[in-house]
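What follows is a single structure, and I will ask about it in a moment.
In this document, chain identifiers A, B, C and D correspond to the written order of the chains, with residue numbering beginning at 1 in each.
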Amino acid sequence: MSILIRGGTVVNADRAFKADVLCFGDKVVAVGENLDAPSSARVIDAGGQYVMPGGIDPHTHMNLPFMGTVTADDFYTGTAAGLAGGTTTIIDFVIPNPRQSLIEAYQQWRGWAKKAAGDYTFHVAITWWDETVHRDMGVLVRDHGVNSFKHFMAYKNAIMADDETLVKSFRRALELGAIPTVHAENGELVYQLQQDLIKRGLTGPSSHPLSRPPAVEAEAANRAIAIAGVLNTPVYIVHVSCAESLEAITRARANGQRVYGEALAGHLIIDDSVYQSEDLEFAAAHVMSPPFRGKHHQDALWHGLRGGNLHTTATDHCTFCAEQKAAGRDDFTKIPNGCGGVEDRMAVIWDKGVNAGLLTPSEFVKVTSANAAQIFNIYPRKGLVAVGSDADVVVWDPEGTRTISAKTQHAKGGFNVFEGRTVRGIPTTTVAAGKVVWHNGELTAVEGAGRHIDRPAFSAVSAR
Amino acid sequence: MSILIRGGTVVNADRAFKADVLCFGDKVVAVGENLDAPSSARVIDAGGQYVMPGGIDPHTHMNLPFMGTVTADDFYTGTAAGLAGGTTTIIDFVIPNPRQSLIEAYQQWRGWAKKAAGDYTFHVAITWWDETVHRDMGVLVRDHGVNSFKHFMAYKNAIMADDETLVKSFRRALELGAIPTVHAENGELVYQLQQDLIKRGLTGPSSHPLSRPPAVEAEAANRAIAIAGVLNTPVYIVHVSCAESLEAITRARANGQRVYGEALAGHLIIDDSVYQSEDLEFAAAHVMSPPFRGKHHQDALWHGLRGGNLHTTATDHCTFCAEQKAAGRDDFTKIPNGCGGVEDRMAVIWDKGVNAGLLTPSEFVKVTSANAAQIFNIYPRKGLVAVGSDADVVVWDPEGTRTISAKTQHAKGGFNVFEGRTVRGIPTTTVAAGKVVWHNGELTAVEGAGRHIDRPAFSAVSAR
Amino acid sequence: MSILIRGGTVVNADRAFKADVLCFGDKVVAVGENLDAPSSARVIDAGGQYVMPGGIDPHTHMNLPFMGTVTADDFYTGTAAGLAGGTTTIIDFVIPNPRQSLIEAYQQWRGWAKKAAGDYTFHVAITWWDETVHRDMGVLVRDHGVNSFKHFMAYKNAIMADDETLVKSFRRALELGAIPTVHAENGELVYQLQQDLIKRGLTGPSSHPLSRPPAVEAEAANRAIAIAGVLNTPVYIVHVSCAESLEAITRARANGQRVYGEALAGHLIIDDSVYQSEDLEFAAAHVMSPPFRGKHHQDALWHGLRGGNLHTTATDHCTFCAEQKAAGRDDFTKIPNGCGGVEDRMAVIWDKGVNAGLLTPSEFVKVTSANAAQIFNIYPRKGLVAVGSDADVVVWDPEGTRTISAKTQHAKGGFNVFEGRTVRGIPTTTVAAGKVVWHNGELTAVEGAGRHIDRPAFSAVSAR
Amino acid sequence: MSILIRGGTVVNADRAFKADVLCFGDKVVAVGENLDAPSSARVIDAGGQYVMPGGIDPHTHMNLPFMGTVTADDFYTGTAAGLAGGTTTIIDFVIPNPRQSLIEAYQQWRGWAKKAAGDYTFHVAITWWDETVHRDMGVLVRDHGVNSFKHFMAYKNAIMADDETLVKSFRRALELGAIPTVHAENGELVYQLQQDLIKRGLTGPSSHPLSRPPAVEAEAANRAIAIAGVLNTPVYIVHVSCAESLEAITRARANGQRVYGEALAGHLIIDDSVYQSEDLEFAAAHVMSPPFRGKHHQDALWHGLRGGNLHTTATDHCTFCAEQKAAGRDDFTKIPNGCGGVEDRMAVIWDKGVNAGLLTPSEFVKVTSANAAQIFNIYPRKGLVAVGSDADVVVWDPEGTRTISAKTQHAKGGFNVFEGRTVRGIPTTTVAAGKVVWHNGELTAVEGAGRHIDRPAFSAVSAR
């Protein structure tokens, strides 16, 4: 069946123009003015609205096993929530346990993801090192559509990668045409600061940001970038949350190094006052790493997106319900880290970015979709509204409003960090893989309709 | 008549892909694999080659009246030379004399440009200020397709704009949807340094760079950016030649300001040792402003292009023959400033940029064509190979070589700053406005075939 | 008569040590442990206290003629207030009217200063340029003990120096062994922003900071530094109030340029919320230029002092009473610019700097006294407690407290920007030129006791 | 016996002034004009010369056991060479083997140092960590006059300290009033690059700089600074060799952090072209870490000293003769790292610094003596010519010249990195601990005359 999106303004990363968009099967088959609709076509009226490539959230954790429990959102509920918010593709993480086979872990995650309602693909974390890891990285790239590997510089005594692992994995990625990504926090400093705070009896959630100050993040970002620079690999820094970390990226880019940075919707909008709440459950609900930061960091992140030193926006969607968060009631280091957002990212970024004049609509498309597609090599299949691209399209009403609330959201976990904010600029229709999955507030996501998206290795010519 | 460019790899700013390109009239009418050629079509074999949007040189001076003489290249010879090098559009400058009517000057230049073989459009310089200038800026934007105004911060006692003029003109441009551009050198310092050098008897061309050190340029760039920042206008800095000036841009961009920078092919490749030549005619032939710089500045400029802090490449093509240059034989301040390059820009940037691994082919397209088209609002008509775009296409042989020489060039002036360099990567065919104007070394440019390209004012949504 | 200061800890810029200090005549004649007091000596018990060089305020305006009126403090009341606060020397400004003879203006100020109770010396402002200015600068340096010249980059249509004046004066200063200083604000931008605000009906004091944003100051600082750099002169930036301006200094210093920066006590402590007061008289009382800034600028200034990128602290003491301030009731641009502080500088900087752990006592001496003495070439006569130095000594009780108030201050004007702040760390005794002028809250300053301090030109060897 | 140094210009860090200097016993007992000499006094004519505090070299390795051999200079020859060059105090390093008791190692070095001809004191390296190290750091500070601890971030599989050790040791130092110092190079990257180069058959000394590029040093400097910043300790970076590393220091200082940097005489003057020599013995003789760098880094280091972002100059004097260097003939990683310089530091820095106008004589004293004395808490005993200071004085002839050569030097090892350079500005007399040890080219150093200098812990008030 065909879908004709009629009368809107198509916004791509490079320009905006009036055009109708015709989808057939799972592809866009025509973009132009006054397109004829096949008689069977469903016609979506996009008059006065923008028609943009579906959002890509390059950082989510659905169904993540953690401390004997598992995140509230699985791949179905998580991707469905994304579709309701205009996000049609997620990039999730395979996180092997130390000593676990990469391939085995990868297959586990692929199994969990079968129920996804939207498209998905995976970064694979390198949490340890030996020759089998070296070998399996090759297998993943060649046979399984993986072209990015994740490294945690934090989480000492768990999944933290030391410098030796970083060096060996970055080099291997280069050889394979894959891009290394890092969670940048100095795990040793975090660990020592946590110990100190606990020793001093400061066990509540307000200690969480004290254990992970900006300098801890900036150090690690700078180190990862230095290693990448010396080895001549590109590198992608996930969830850049503070001015100091962004400065490390900006410096490196000014020196011609290919470094990419990701900002989370939460870090762009929420500040660290949340940790001072007397409602400890509320404070704990905001515990994620890196933590929310002081207000001037938000300005810095917006400037980073605007000036081209940050490239993508994500959520690190990783939901835990209040009972799960309560595991850290007496020790903030035991609070499961994570917040949601996959459903709200597009709207809050439009509201605070485009409405505020910080971003143009085309820049919005860049940072919510096109850049992620290019960096992770699924462009122009994703990230572009054009003939031949996947029929992942969001119709965006710049005048529509919505008040965000955990009560009305589709994501699980019972909490929303954006609770009570009214945004202007919302998706009225989401088309994913050629199907209308969200329309005028009705979600028609189908469990299992999502597909794994293979991402080819970078070739010399495609490297950016 | 149609032209089918067959078998090449289309390179746009956002991606590269195998496709044939069909031109009809002055437009691209089809892009796709295995296109059928109309029987009448001329078929160009692009096998093993790249097919890219024609180059845009956003900074040239053809037919420039100067000191009672006029540049060696007029609009015909200059644009024809550009076509031979793959550049299909130039943006030249209308430079009114102080107190001259802007409209009168604009009409003068339009008259001179009628003979152009390639497309052209104009920045208009604001060299003085009163209410008629304010008014005429509006006329130019509304009625004459001008959306950019140029300001010289150097050339004291001639066309230098003081801070009052900068402030008033930048603000007027903002109001009109036009972008201010600046030649950034502190004219007062240049003047004083020139006087000193002359007083000390240092009258030769080797004094030229001493009178315009990097700090003189960086100060002015910083000042123009500060003024733009305070007034909330975008600003474009022409011919950024040194690390310090680039740093001013990089700082502002990191702070979220919309600043754009242009690098000249000459500044990217040639260093200041040319001024030390014992052949004073050779040294004088290199006198342009800003001057060529020490080697580490070249590295900085490449890093600027790579990291997105510089956006366009130009030439400041402004040719004078040896007799004209000789006017400054006894006083370097009298040497007509200017060098050529419009014919060589694409090839030298490919050679030093793409071949050296500094730029990908897509980045090459950005900095030679697409970014200029976007910044000056003629995208996607120019700067893109896509259906509906102008049929300005260059077929690029990455293995072809050419040794640059004044003896074999099409530009006038009898000198070439790139003399003797052998480049790898050359245009084999240039199509301009749907006509083959350069093919396998044969130039078939037609005097008068070039068109003035109206550039609409920026709307809020298009601003980047 | 002798004075023996017994039992304290002498704090100089380079170290702190237990010692008694003996003054005789107007000099320090002995520094050592267990000094014998001449029988006639007055003994001051400094047990548990610090003994430091008297403060130098390098930026005051006493008796300043302004808009047909004159500042509230003359040289007697102003210097007496300084003595009560531990400041024994001020550097004031001779500000010739445009076209006024420098020598004539200098003599005027010298006449007004005769009544001073504490030592004083003068910067002379260069507010215009011709050959007589060039000549008179020489006369002032050779014959009148002037070694610094001030330049206002703001105050268009009044005393603003354009780039030509800056270049010529800086160069002349270099030749003479004098140091140029600048009030750094882009006067053109201030003027335009003022006009706009007035035009928009925003005539109240809350418009004052809007007309002088940080970028306006940073631009001018950067320009002055660039001019100094090109001409190879040192330069001193007065009242650095914002992070961006400090960054310009920091950059230049990192590049090896000799640039010095001054922070005002007010800018270090007070933020721009004062301009939002509904009490317009209160807001107007804070109108000075540059204006008070947002909170993060205060952090930056402290970091500048701590890291050695700022060198001195001053007050720009320039008091107007409420009636005078009322001249701008209907137009903020007419409010006489200026605030007080000469009496409070030392205490507020100790309180916010030393008590807060930002500065050591030796660093306090550097930034309140020694650095100014070195930069303006009156060291070690001033700025050091050592044999042979002037007997300008302050005994400082780190545990003493005082609540600052206009009601109890000695300075005139009826207002105090630090009103109501209780500081810990106060002068218990001030010795100036060998006389006790302040002791346990009693001020015994003598009108006319102050002396003009000649400052010799810098020699190559003394340049820092 | 007394020594009267007559007729010179005393240069201290804060000023220069004409004065005679009288030494008695091991102290300076008078500084003033026209001092009377006791009849027994030896009179040194310092007419036309400078009289400065004896140099302090804060980074030497005398008698260092290494790879089964030992450096060519022991404490006698090394300190004697220092005296010949005007350096009267060295700070050497105790480097325990991993698992060796700190106290035991310290006693070993104290034993070796007994033969020293000049004063000495020790940094103690923390090369491993357990509770005994924690305890012994306290013993060293309280009982043995140690107030600084060294950490090697390079030398993997040997003495490299990991982040855990850095964090624990920095924190312990803070608690004890000691300052941490670091050799900043990322040991993991060095190791990997070395392995690669060897694997590729690049075994010669020209591979040495390739294995330790600037980014490797800058990363470690930034990391050490970040750790110190988070823990709120000061930190001292030894042998800063490159612009990037200096930038990390400059950034931190601009943010108000107390970071100190040391430049080596060699890094200030010699560039990396030495490694390209076809004389492999010559190249190997220059192998030290960090390696010599490209020319623009030298400019940066001088700017760092001038602008106050670098504080001390040292040598890392660590001499090996050609036979010892030959151990790495077939594998550059086996070449013993180290070069000399203790004898030449003062002269080469004067020549390239003061003669070139980069440093004033007072700044020369700062960076060769006074700053080291202050940072390591032996000021004003050392680093100052004043009554009560140690009689460590150098008489400096700014017009004297010397051509440096291994043939005429007093240091051992048979090589001199400054070979053949003629310096202007040399010590004519060195007085150490009140004895003339060098006079008009005659060295009268006495084995065993040197003393261990206890350095007290920092108190809150003395911290700078």
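The rule we apply is simple: contacts are C-beta pairs under 8 Å (C-beta built on N, C-alpha and C of every residue); 3 or more make two chains touch, one makes a residue touch a chain.
Chain by chain, the UniProt names read as follows: A, B, C, D = D-hydantoinase/dihydropyrimidinase.
Just so it is clear, the model here is predicted, and its values are computed rather than measured.
Chains that count as touching both chain A and chain B, per the definition above, do not exist in this structure. One simple way to say how far apart two chains are is to compare their mean CA positions; for chain A and chain C this gives 52 Å. Work out the mean CA point of chain A and of chain D, and you get 50 Å between them. Annotation, chain-chain contacts: A-B, A-D, B-C, C-D (touch as defined at the top). Contacts from chain C toward chain B in the complex involve residues 162-164, 166-168, 171, 186, 188-189, 192-193, 213, 215-216, 218-219, 222-223, 226-227, 229-230. Touching chain B in their complex are the following residues of chain A: 13-16, 247, 250, 253-258, 299, 302-304, 306-309, 358, 360-363, 370, 374, 379-380, 384, 461-464.
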